[in-house]
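Take a look at the following structure, please.
First chain written, first letter: the chains are A, B, C and D, and each begins at residue 1.
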Amino acid sequence: MAKHRFVPDHYHSTLAAHAPVMHLRDGDTVTTRTLDAHGYDHENVLRGPDTNPMTGPFFIDGAEPGDTLAVDIHHIRMTRVMGWTRQGLAWHIVDPSTVRDMPAREKIFWRIDNNAGVIRLEKPAAALSEWSLPIAPMIGCFGVAPDDGEAISTATSGRYGGNMDYRRFGEGATAYFPVSVPGALFCLGDAHGAQGDGEIAGTGIETSAEVEFTVRLIKGKRIGWPRGENATSIFTVGNARPLEQALQHATTEMLAWLAQDFGLDAISASHILGMHVRYDVANVFNPAFSVSCRLEKSALAAFPRKA
Amino acid sequence: MAKHRFVPDHYHSTLAAHAPVMHLRDGDTVTTRTLDAHGYDHENVLRGPDTNPMTGPFFIDGAEPGDTLAVDIHHIRMTRVMGWTRQGLAWHIVDPSTVRDMPAREKIFWRIDNNAGVIRLEKPAAALSEWSLPIAPMIGCFGVAPDDGEAISTATSGRYGGNMDYRRFGEGATAYFPVSVPGALFCLGDAHGAQGDGEIAGTGIETSAEVEFTVRLIKGKRIGWPRGENATSIFTVGNARPLEQALQHATTEMLAWLAQDFGLDAISASHILGMHVRYDVANVFNPAFSVSCRLEKSALAAFPRKA
Amino acid sequence: MAKHRFVPDHYHSTLAAHAPVMHLRDGDTVTTRTLDAHGYDHENVLRGPDTNPMTGPFFIDGAEPGDTLAVDIHHIRMTRVMGWTRQGLAWHIVDPSTVRDMPAREKIFWRIDNNAGVIRLEKPAAALSEWSLPIAPMIGCFGVAPDDGEAISTATSGRYGGNMDYRRFGEGATAYFPVSVPGALFCLGDAHGAQGDGEIAGTGIETSAEVEFTVRLIKGKRIGWPRGENATSIFTVGNARPLEQALQHATTEMLAWLAQDFGLDAISASHILGMHVRYDVANVFNPAFSVSCRLEKSALAAFPRKA
Amino acid sequence: MAKHRFVPDHYHSTLAAHAPVMHLRDGDTVTTRTLDAHGYDHENVLRGPDTNPMTGPFFIDGAEPGDTLAVDIHHIRMTRVMGWTRQGLAWHIVDPSTVRDMPAREKIFWRIDNNAGVIRLEKPAAALSEWSLPIAPMIGCFGVAPDDGEAISTATSGRYGGNMDYRRFGEGATAYFPVSVPGALFCLGDAHGAQGDGEIAGTGIETSAEVEFTVRLIKGKRIGWPRGENATSIFTVGNARPLEQALQHATTEMLAWLAQDFGLDAISASHILGMHVRYDVANVFNPAFSVSCRLEKSALAAFPRKA
């Protein structure tokens, strides 16, 4: 249950079986830094590749294919005053007939005020001059090495995690990933200061960050897609196009979870989901879209959960 | 601002320019009854067609194409102890590879306890014997006559509303519909005692109801898709397949709303939506899926709203 | 087996249980006229509504729900020198990132030369000055009254047929429609002088026409979606969004046809389809897309067909 | 312009920057062997990984990112009497409501008769006892190393090619791939003895093969997606889910081709495509679907093609 501080000196733009930067044991905690989505650090110096550069991979001792890696996200601290987005919504988010009326998608800068806990536009239009939004940090891209010897761009996502850009992967959340290679090879990066559903502007508030997390190894527990939970919800994340397929994956994984840990058969689970399920459109921007199938823990209060 | 009690004696299974059952004026309030989705009333007697029979249409005096009809939903009271759903999830909601392992979709009965405010399975499996869910009533299907002389089955939905099966169209919500024919010709039915996102079991808790609502006519205000609001949110509903297209319609309509009533240009609106938007998968079961693009009113507190 | 000439004096822009214009018997042949997609006749005079105005409906004596109506298309003659399309491809047919570079979608005129059997642009750009295309006439929109009392815009399509815009519904083809109301109530219109797959410019060569067809009534034969055949192929047409769902409907209907008329079980049919199926993207423009599942008759030569 | 015979001794199940097995020059011809989709050779001995094992990669001297690699497919000879498929159609190809009625997807064996040029089922049901299909060989999976350091499973496809399973990549066809890494690193495998559109049974006739091909390097020509041509057609292949996106990619690439090699602006190209385009659903089974946008060369006869 050691505590580590890791300062990266190189970054990856694929999730793959890269050489590990550090060995961790079940229960270890790490504090480390991440670059922004274009490779810039806390001093706005270019330090890595320009597509969601990853810090890691971390080799979790004892992790084998068929296990599950749990990652508890303790803190995500913005390490830069400047964040950026693009203006205008992504063009596939609006009716095709209106795309030609949409604004050009220029890069826009924001000022992150950690003391006040808010983010403001650098150069707001008059209408937005008084507008600010609360900092609500999240990890945009993290996961483990994929199966089958693949090396997948951190632009996209899959069963192994990746660029899910889901706002509920924030402080206090735990993420679960299916281990496909020895050591799991966990990576993380692409922190956002805030983001709505769907990442429909194509970005969150993109910035550099310091992240503190604990890894836990769940031996012999097999999951199919990333799972997560926080104080109030459990959720599963399906990553695919179109949204229907992402939703199918997430729902199928939730049925598996309800069977595995709550002992609920398909009929009982369907009654609970039919009345209580919540779907979050995590991102509808990346090459794979991400849909979260979510249940409030209160909806499961009657059903004891396996350790 | 009259108050009416209307007892229907016939029902429609299309939204269309049917003969009106009653004339209403701007501000009038109506209390009326709806059958369940298969045409059964509060005594479980078959009184109407078996696909979401509609009470109405109500002719709103003065309503013309290009206006907006607002409907304030005051009360939705379950009028029957028995509600029903189907067991098992709809087969297109899970991975195709798992459909053959899913249970047969038999009709299942529930007991609605208005006093306790909860709903329970009639014959629960052991695992669910202690389980109940809170009554959270909603209107599954309502809307106005469509444009172009169409008569559209109440199985589906469109710009005119229809079978959106969205849980936020509950007590205290206001729905807005674009008027396409003189009098608007508002209909309603298919109340649910409770339902999760997506209507993934294919039904909510289907039952008969008594509904109290007020109609308000907004002359000269043109909207493109159903809108809604409640104490905490405003939302727009796009109805189409696939989910991407429903989401495009809803987002485009929200951009229109933010321009129309909040004076926000496309760039300002994109900043607000990019950071604050919430998407609800209202239904992913009906012939047209419904996606809601939603903003908490708190996210718009800085922007004055037109009357 | 009478021969009729019918000159329409009104037109419909929905497929529905409109009052019939003529009664036909099994085997009767009709020669009639159709307006162009915007309601203009052979003299370019506006005579009908501006969305695929329909000639009809024709009441086929003895047709009942559960029967099949066969329509043999003998001739489709262009009755006007002028045809029109739009320039540029529909914006949802190209990558969203390129829509803003596409040309404005102005109306463009073509000259139909029935003698030479070709169509030319009225005002071709230099590159196309020598370019012509062969006349290959087809019926864009035809079908029967839908089920459930619906009246559906001729902009779209469904189980009952409608605006399928499929180039193989040309001269020499037979179309089959499932009868849902007494008399079937067959309508037709929206002839195209030529069109590629998908109707990706949003139109074919839109013009007025004279059409000769024979109706045949197949009592007690139940089909689920439009079917068709010509000298070389049989095909089924699924109408829905997205393309996957249209393809599912068409494939499911082809399996039904192979069982019904060729005695092939699901496994045998899957072998034949797996090796021989052809899919045509009939239209990817209308509210419902249309996909045709097609088999060359040569691939079925070994299997006797029921009368 | 050398001729090479290459006998592989190892195989890859990703397209990636693997160590090359041979250097080729522009114009060189290679005859080599491929395993079947599960890794079995001409003696039905397991020799490679079980997902579309690739022969190669071949390093084309002088190929650089931004070039195009042309591959002329001269011969595809089946080297085994036994081929296999699965019975029944893939479950996402039919209506979800019918999946539970579909047969189990067992492995089925076929007999390839190179002398007669036909393929027959090993153990046909009575209905298919006289049925055979002509050998029509194709390459299911081939392409170059992807961009961005990715290693992508040969189960799927992308801009770099991969598992497109398109029946027109047969003898006499030329395939074009965008070069993303030095040497292009061309691989091939997964030959099919025959296959319909869409690969809707999930396989073609899977078998081992001997393939003869010539590589040609087109310096400085940049393409976005795989292209192809044969004696009668040119085509572009978009690889993505859903079908709409694959179709968008293919159409956008065809517009680029018509501009690049035929000098046609977007408006002229839209007229030609609108009237002449053909879409093939190459595969609707793999993780990425493949749609081909195709033009008969006869439709382009009026337009001179750049060398």
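To be clear about the criterion, a contact is a pair of C-beta atoms (placed from the backbone, for glycine too) under 8 Å apart; a residue touches a chain by one contact, two chains touch by 3 or more.
Values in this document were obtained by computation on a predicted structure and should not be read as measured data.
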## Note on the structure
Contact tally winner between A-D and A-B is A-B
### Same vs different contact residues, chain B with chain C, by half of numbers used
same
### Message
From the centre of chain A, which other chain's Cα mean sits the farthest off?
### Response
C
## Note on the structure
Averaging C-alpha coordinates per chain, one finds the centres of chain A and chain C separated by a number of Å equal to 47
### Approximate Å spacing (C-alpha centroids) for the pair chain A, chain D
35
### Intercentroid distance (Cα basis), chain B paired with chain A, Å
33
### For chain A, residues that touch 2 or more chains besides their own
92, 96, 102, 242
### Query
Okay, in this complex, where on chain B does chain C touch?
13-14, 16, 51, 148-153, 155, 240-242, 245
### Query
Once bound in the complex, which stretches of chain B touch chain A?
85, 87-89, 92-96, 98, 101-103, 108, 121, 125, 127-128, 130-131, 133, 194-201, 203-205, 242-244, 247-249, 251-252, 255, 263-268, 270-281, 284, 299, 302-303
### Task
Please name which positions on chain B make contact with chain D in the complex.
90-92, 96-97, 99-100, 102, 242
